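Chain IDs A, B, C and D follow the sequence of writing; residue 1 opens each chain.
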Amino acid sequence: MATDENAPPSRALTDKGRMEAFSDGVMGFAITLLVIDIALRPPGSPLHQFVQAWPSYLAYLVSFFTIGTVWIAHNGLTDGLERVDPIFLRLNLLFLLTIAFLPFPTRLVVEALGRGTGWERLAAIVYGVTLLVTRLLFSAMGAYARRMGLRAAGGDDPDLQEARKKFRYVVIAYVGTILLGLALPSVAIFFYLAIAVYLFVPFGLVARDLFGRGGSPR
Amino acid sequence: MATDENAPPSRALTDKGRMEAFSDGVMGFAITLLVIDIALRPPGSPLHQFVQAWPSYLAYLVSFFTIGTVWIAHNGLTDGLERVDPIFLRLNLLFLLTIAFLPFPTRLVVEALGRGTGWERLAAIVYGVTLLVTRLLFSAMGAYARRMGLRAAGGDDPDLQEARKKFRYVVIAYVGTILLGLALPSVAIFFYLAIAVYLFVPFGLVARDLFGRGGSPR
Amino acid sequence: MATDENAPPSRALTDKGRMEAFSDGVMGFAITLLVIDIALRPPGSPLHQFVQAWPSYLAYLVSFFTIGTVWIAHNGLTDGLERVDPIFLRLNLLFLLTIAFLPFPTRLVVEALGRGTGWERLAAIVYGVTLLVTRLLFSAMGAYARRMGLRAAGGDDPDLQEARKKFRYVVIAYVGTILLGLALPSVAIFFYLAIAVYLFVPFGLVARDLFGRGGSPR
Amino acid sequence: MATDENAPPSRALTDKGRMEAFSDGVMGFAITLLVIDIALRPPGSPLHQFVQAWPSYLAYLVSFFTIGTVWIAHNGLTDGLERVDPIFLRLNLLFLLTIAFLPFPTRLVVEALGRGTGWERLAAIVYGVTLLVTRLLFSAMGAYARRMGLRAAGGDDPDLQEARKKFRYVVIAYVGTILLGLALPSVAIFFYLAIAVYLFVPFGLVARDLFGRGGSPR
C-alpha cells in the first residue's frame, strides 16, 4: 500500500495491491458460487438421486479447476509486476468479466447433460468459448505487461512460465474441443475436465521436485 | 497496515487499508452476483432460448462495466488519500449501499425487457436513478477528501482525473437518459451501456499511449 | 503481514492482518447478500408492485446500516490492537456468526411485513435478538482486548469511542424494541431503523467538525 | 506484498500474501453462503414454523464452526510460512475445493433431517466424508510445508499446535461418526456438532490463560 519513494512524477502507474485484492475477491466469489447449482436429481432413492447428480459434480470440478488454475497464473503474473497502469486495470476487468460469467455456462452444462444433444451442444460450445476467451484475455494481459515494461526485474514466476508454455496447446485444445462439441457434446465436457487437470498439474515443477530440488531449500 | 510514526495525536484519522479491503469485497461481490440472474428464456429450441436471453447479457454487461469503472475510479481516489476520517468512512458506506443495491435494478431490467413498456419504463428509471446516485455519492467522497485535506501530496491518479473530467458529462447523460426512459425505456437501456463503455475506455490515456508514452517507461 | 522483530517468544499472539481480511470478507458478503431478497410484490401495475415492495427496502436499509456501523466499530477496535490471541480470534468468529446470520432475520422481516401480526411479531423479535447478540459479542471482544492488554499504546480510535459511548443506550434500545415488538411489531421495525441511523451518524464528530477541527489538518 | 531482498534466484518460491487473501475470500464466502439455506418450515403458526426449522440452525452452526475452526488453523499454518511454492498453492486449491463444496452437504443435511432414515443416512455420510477430506487435505498442506522447509524460523503458532494435537482424534472421530451415520444418521449430525465445538474451544490455551498467562503480556 505504501508508495515507492522513487515513484514516477507522472503517476501514470499505480500500486497493484488493490487490483490483486479485487481480483481475488471476484475469482474467490465466482469459484464459490459454483456450489449453488449443485443439486440432487429426483426422482429415485436418495442414493440414486445423489449419483444422478454427477453432471453437477463434473461441472463443479471443471469450473473450479479452471478458475483455480487461472488464479494461480494470475498470481504468477501480478507477482512479477512492479506496478500497473490504467490500461492494464481495464484489461484485468475484461478478464474478470469472463471469470464472473463462468457460473452461467457452468449452469448450462449442468442442466444440459442428459437432456438431449441439442442442449448439450449449446452448453459445450458456450462453455468452451467462455474458457477460450478467458485464456486469450489473460494472455493479452501478459503481453501488454511485457510490452509496456510493467514487470519487475528478475525472472518470471514458475507458475507464469508454466502457464505461458502451456498456452499454445491450451488454445488449440479449446478450439478443438469446441469443434468436437458440435458433434459429440457430452464427450467435449470430459475434454474440458482433462484440459483443466492438465493446467492444474505442474508437470515441469513436479519433475524438478522429484529429481532436482527436493532437499535444497532446507 | 503499519501506522505512521508521525501519526496525529488526536487519532481522528485512521488507516485506509481496511476501508479499501471492505470496499473491494462489496464491489467484487456485487459484480459477481450479477451472473445469478442470467438465465435462459423458454420456450423454444436451445439456441433460440439462448439468444432470447439477450436482455440478461445486456444488463450483465452494463452493470459489470458500471461497477468496474466505479471501482477503477474508487481505486484512483483512495490511492491518493493519506488517511481517512470517520465521516469519509460513512460516505464510503453510503456509496457501497448503492453499489450493493445495483443487482436489484439490474434484475428489474432483465425481467422488464420485452415484457411491455410499463415494466421497461419502471426498470429504466430505477436503474438510471441508482447509477446517478452512485456517481453523486462518489463525487461527494472526492469533494470531501479535497476539502478536509485527506489527500497525499502529489498529483492525482490518472484514473481519478479521467473520472473527474467525465463527471459533468456523465451526470448530464444519466439525467437525460432517465428522462428518455419515460418515453423510450428500451432505448434508454442501450444508452446506459453507451455511458458505461464511455466511462470504461480511458480516451485520454489511450491517446497519450499512442502518441507519447509508448516506449519510455521500459 | 511482516512480523515484528520484537515478537514475543511464546508466539501466543498472532498477526491481526488475516483476521481483519476474513472479517471484511464475511461482513462484505453478508451486507451484499441482503440485496438478493429484494423483490417486487405482485399483483398490480409495475409502479404499484415496486412501491408495495417497501418492506424489502426498509429491511435492506436497516440491515445495511447495522452491518455497516458494526464494521466501522470493528475497524476502530482492530485498528487499536497490536496483535490478537487465539481466544480473541474465536470471539471474533462468534461475532461473525451472528453477522453472517443476519440475512435470515432480515428475510423474515421482509416476508412478515403486511402478512399479519403473528408473523411480524416473530420477525421483529428474532431480528432484535440477533442485533442485540451482535452488539453484546462485539462489546465482549472490546472488553477482552482491554483486559488482556492486546491494544497498542495511544488513545482509542474515535469510531470505537463513539461505539463505546453509545453502547449502553443501544442495548437498552434493543431490549426495549424487542419488548415493543411483542405488542407493536411493525412499529418495532422502524425503531430498528432509527437505532441503525443513530449508530451511523457520528454526532460527536460532526459537532467537532463543525465547531473545532474544520480547517486545521490543512 | 514487498519482496525480500534476499529472494532465492530460482524464484521457485512466491509470496504468500495473495494465497491468504484468496483463501480468506473463499472461506469467508462459503461460511456466509450457509445462511441462504436457512428457511422456515411450513405449515403451522409462525413460531411453530420457526422452531421446526431447527435442522437449518443446527447445520448452520456445525458448518460455521467447522469452516471457522479450519480458517483458524489455516491462519496458524500460513502465519508460520515464509513463502509458498507452486505445489503448496495447488494443495491449497484442493483444500479450498472441499471448503467451497461444504454448502452442498450442509444443504443435504438440512433437507434430510426429519425426511426419513434413507435421506438422513445419505446426508450424514456425504457430510462426514467432506469434513474428513477437508481435514486430510489440511494435514497434507502442513506436512508438505514441513517437508519442503517452507516454514519460518521459530516455534509454531499455538492454533496450529492445537490443530495438530487434535488431528488424530478428529480423524478417528470423523471416521467413527461416518460409520455411526450408517445406523443412526440423525445422531451422527449431533456428533459432527460436538466435534466442531471440540475443535473450536482451545482447551489448552484456556487452561494456560486461566492458570499461567493472565496478566503477563500487559
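Going forward, a contact is a pair of C-beta atoms (placed from the backbone, for glycine too) under 8 Å apart; a residue touches a chain by one contact, two chains touch by 3 or more.
Since this is a predicted model, take the numbers as computed values, not measurements.
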{"item": "When chain C is superposed on chain D by its C-alpha atoms, the rotation angle in degrees, nearest 5", "value": "90"}
{"item": "Proportion of interface numbers common to chain A and chain B (over half same, under half different)", "value": "different"}
{"item": "Chain B and chain C, separation of their C-alpha mean positions in angstrom", "value": "25"}
{"item": "Chain A and chain C: spacing of chain centres that average the CA atoms, whole Å", "value": "35"}
{"item": "Of all residues in chain C, the ones touching two or more other chains", "value": "1, 21, 25, 28-29, 33, 36"}
{"item": "Residues on chain C engaged by chain D in the complex (per definition of touch)", "value": "1-3, 7-8, 10-15, 18-19, 21-22, 25-26, 28-30, 33, 36, 85-87, 89-90, 93, 96-97, 100-101, 103-104, 108, 112, 118-119, 121-122, 126, 148-150"}
{"item": "For the chain B and chain A complex, residues of the former touching the latter", "value": "1, 16-17, 20-21, 24-25, 27-29, 31-36, 38, 40, 45-47, 50, 60-61, 64, 68, 71-72, 75-76, 78-79, 152, 154-159, 162, 200-202, 205-206, 208-209, 213, 217-218"}
